[in-house]
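Two complexes are shown next, each including chain A; its partner changes from chain B in the first to chain C in the second.
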Partner chain A sequence: MSNHIDTSAYSAVTAAIRSEAARLLAGGEVSAVIGYLPARRKGSAQPAIITSADQAAELIFSPACVNNLAVYLTKAKKEVPKSGRIAITAKSCDMRALAGLIGESQLQRSDIHIIGLPCPGVLSSVADPSALLTTDTVASKCLECEFNLPQGADFTPVVNVTAPRGPSRYAAEIARLEAMTPAERWSFWKAQFSKCIRCYACRQVCPFCYCEQCMCDRNRPQMVETTPRPAGNLAWHIIRAIHLSGRCAGCAECERVCPMDIPLNLLNRKMARELKELYDYEAGFEPQEKGPLNSYLEKDDQSFIK
Partner chain B sequence: MRSPGKRAAVRVVPDNETKMQKHISEQNLKALLDRLISTGTRVIAPRVETGTLLYGPIRDASQIDLSRLPRRSAKETFFPVCEDILSYEKHGQQVTVGDVDPARFAETVLVGVRPCDAAAVPVLDAVFTWDYNDAFFLERRRKTTVIGLGCTTADDACFCTAVGLAPDSSTGSDLFLTPLKSGGYACQICSEKGERLVAAHGDLFTAADHAETVPFATPSPGNIDLKQVKSWLDHHFEDPLWDEIATRCVGCGACAFVCPACHCFDIVDEGTEKQGRRRKSWDACGFGKFTLHASGHNPRDLQPKRYRNRIMHKFKYYDDKFGQTLCTGCGRCIRICPVGIDIAAIVEDISQRS
Partner chain C sequence: MHPEKAKHDFEPKIIAFVCTWCTYAGADLAGTSRMQYPANVRVLKFPCTGRIDPAFILKAFQQGADGVLISGCHPGDCHYISGNFHARRRFAAFRKLLEFIGVDLSRIQFSWVSAAEGGKWVEVVTDLTERVRSLGPMQEFRELALEEQWSGAINTPELQEIYDQI
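After this line comes the complex of A and B, so read on.
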């Protein structure tokens, strides 16, 4: 059953981030604020990097503010000025990406000013940005979000938000896949990957895909077939899932942006579970230089070596 | 310069000549498709494939889903996502190269094509017959009959009316269907190909009566004047606008890949030293390695230069070369852009600047 989600908090959050952003820019505390501005289509929003206090009055937070803006602070975005302190608006899911990037020395905590966004949830897709936020249209990640009020931001508006709660769609889908035989599971993923057109939207929005040279773009030598065909598609998606294991904190941007509707976050969530079971580790809570897959401990489970 | 589309052109029946109307019931349209499939014609139609609506070959007419615009355009019927263009094998010092024979391409009926997708095909004729006649594209084009379908709904990403088209444009269609209020379709015959198809299956069509058609959609794009857009682009190769837009762009290829008119492709050899294939697959100007030269130099080394290329190619270069616009206003790139880049808003902004 679809239930409406209380979205009354958005206007209070919007007012608070406007005044905070204006204060920061007017006082020269930051050189830019990364936030969301309204766009042409009804209900739509888009990421923006604003540099003047006047523009701060246009910032918004709404159910269409889906993007994880942390991607704009990574090496992948060379166009964003890296000089001086930069403020960024972040939902709690986005803050886990910031923690990961700080842990991996991609960011200095002192170089960013985090404006936390109390968040009742965002839309799963913005194909129709004016859609009403309900337990049906809300992003799957929001149904299992435990931190609607961001922790550890430099500024968080004091606004009460009610969390959309519901059964985890990811847990249900992982359980369904785990109950399959390997042949059935293979045919599920084969059908999904056959839709991949290698647009790399999943890679480009991911805050952790900041490699200067993605191995999938190498052609001397070629590591992965570049054409959208079964061999290269499978290789790309496995590389992506493995490379993000222990680092992905579940913002689910890969899945949201996939123009072919491939449920990419299922792979990330499954890997996150493995990491939790094997190493009792969850990514994105503490800035940590090395996750379990990048470090070696004597007590690590070695039973898989046969 | 060769006239655009000459090689593949289908003679369009002038308005005053026939523009014959027939009617076809929903049931008979399905019967037509089933009959075509059973006689070996490849029928391509919008159908759900692993959860996503895409144009693709159907096994029977019950698979067809005409409820909305497919996620990718119909261009892949003529210009596939990826195709082999040759194969090679090496035995000792002996190398054999195998060509792909376009004659093996199947006779095709492409049905349920929205005006924004159908109109893009003649636009592509221009480039695929320009400095080189692309045999793959042209042979598929020659063997395909396009059955268009008018739009009765539109969303606020639709902007066909701003780029010279409309929800009732039959450009690029051989037959054009308009839904009737009483069910079934009015069927306009737009070309000889369309005429032949109707003649071969005359039993499934009825004479047009005065049955009322469902009103066409009325997209409401902003105020866009393509001439003004072009004249601004003519003089603003360098402009801060490109930085403003592209700072936001994350550099994926989604917009180009869902576009009915984008046609850049890459050619790579895949396989081993012993055997392999040369393949052609879609490329996109969003990618960092787009136009990277073997020397290491890239004339479009930053995202703003690549995004500028996207707009220039659609609204200036293609017009300079072929007198056409490389955008049919389908709105797909607007709906799927990961960061909400809205080409209709950008072009409207440019139009107002002129």
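After this line comes the complex of A and C, so read on.
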């Protein structure tokens, strides 16, 4: 049963961000605005960096604006101009990534001007960009969303939005996997990781994968075999999941960009849940100075240690 | 003087990642005290459990280990003050990840063994060795390493269907 999602907010948000971006650029407050422009396919959107006020009139916010723009502010993306303040449009899921980056000292809060985007939901990557937004076509991450109105932005258009209501797909799938025997889980993941072609799109799109030299690119010592064979693929994905534990913002971009449809966000959601249970940690809108795996308490659980 | 060593069909390979200051010294004490324990364990010395990267556990299994032991100083006794606290959190998280992937957690053991606890070292190693012996060789990673990437052959009905559509 698919529920229709109210999409009337998009045009109001679009109008608000156009005027805000034009104001910022014309006044010289920022040197660039990172937002979405229409792309070639009907209804689709693409990330863009605009630098002049007349380009601001083309910015959009639509159900196709699923990309997490925070990735363009990381040090891994050297093409983005780093001069002056930069404005960025961000949905709630993107704001968690920004908060995480600020917490890890990758960004200064004063260097960015956040334009919050009240968001009713975005389309899943398997849906056609011009499809109607319903609880069936909406991205899985939107069904987990509690904050349609971003918190802590410098400018948030006052637009009412309602969250897409529906059962969480990730929770259902994680529960299904947890109910399996270890051998069944192993064959599930073996089948999934056998598909991997090591394109590293998941790494390139992730705001938290900004290491100058990725561990998988080191060959002295080589911890992860680079050929796209199941053994190396498993090592790659496990290591990426553990490196993201306690940092992942849940933007699900990794899953969206994977050309082989590997359910990568399942691993990240599972780890997020475990860290919430173990150390009461959640990716939030407030930058946290130390992540759960960067800090400790003397009374941490050690029931698994002899 | 020494009890007859039992002959077994399967001798598991146990890799132990230990910290220099406590567990390695504890294992050394077990040795100088002439305590007998299974010789299946291969000890890798690290300055601290905080140095042990979860990737090492994966690598150990990939290289043929049947069981992995990680052992360090008791909380509060770390030579580097807080290394074992960080390791404790890191491995709590990593265990959950491995469990979710389908790795048998009974092949991995964590312990705190101090420099004076030669007896505990013997106990932990013997316990893990016998447990892994009863579980058998770890086939999962071995099979994974033997699997080839897709050979390019159209050998499933789905691939045939897609090929026909082109």
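Things worth noting here:
The rule is short, and it goes like this: the second predicted complex is superposed on the first by the 303 of 306 C-alpha atoms of A that agree within 3 Å, B and C clash if a C-alpha of one lies under 4 Å from a C-alpha of the other, contacts with A are read in each partner's own complex, and residues count from 1 in each chain.
One rule holds for everything that comes next: a residue touches a chain if its C-beta (ideal position, glycine included) is under 8 Å from a C-beta of that chain, and two chains touch if they have at least 3 such contacts.
Bear in mind the structure is a predicted one, so any value in this text is a computation, not a measurement.
Clashing of chain B with chain C is the outcome of superposition onto chain A.
Contact with chain C, but none with chain B, is seen for A:E184 once the two complexes are overlaid on the shared chain. By the document's definition of touching, neither partner reaches A:R85: not chain B, not chain C.
Of the two partner chains placed by the overlay, chain B and chain C both lie in contact with A:T227.
When the two complexes are overlaid on their common chain A, residue A:Q192 makes contact with chain B while staying clear of chain C.
In the superposition on chain A, A:M271 makes contact with chain C only, not with chain B.
By the document's definition of touching, of the two partners only chain B reaches A:A127; chain C does not. By the touch criterion defined above, A:R23 reaches neither chain B nor chain C.
Shared-chain residue A:R165: touches no atom of chain B or chain C. Residue contacts after overlaying the shared chain place A:L293 against chain C, while chain B stays out of touching range. Taking the listed stretches 24-32, 42-50 or 294-302 of chain B in turn, the superposition on chain A shows a clash with chain C for 42-50 alone.
In the three-chain superposition model, chain A touches both chain B and chain C at residues 194, 227-229.
Interface residues of chain C, counted against chain A in their complex, comprise 53-55, 58-59, 62, 75-76, 82, 85-86, 88-104, 109-112, 124, 140-141, 144-145, 147-150. Note for the complex: chain A touches chain B at residues 39-42, 44-49, 67, 71, 76-80, 126-128, 191-192, 194-195, 197-201, 203-205, 217, 219, 222, 225-229, 253, 256-257, 259-261. Remark: chain A residues 177-178, 180, 182-190, 194, 215, 223-224, 227-231, 234-235, 238-239, 241-242, 245-246, 267, 270-271, 274-275, 278-279, 292-296, 298, 300-302, 304-306 touch chain C in the complex. The residues of chain B lying in touch with chain A in their complex are 49-52, 54, 71-72, 81-82, 155-157, 222, 243, 246-248, 250-254, 256-258, 266, 268, 270, 279, 281-282, 284, 287-289, 302-304, 334-336, 338-342, 344-345, 348.
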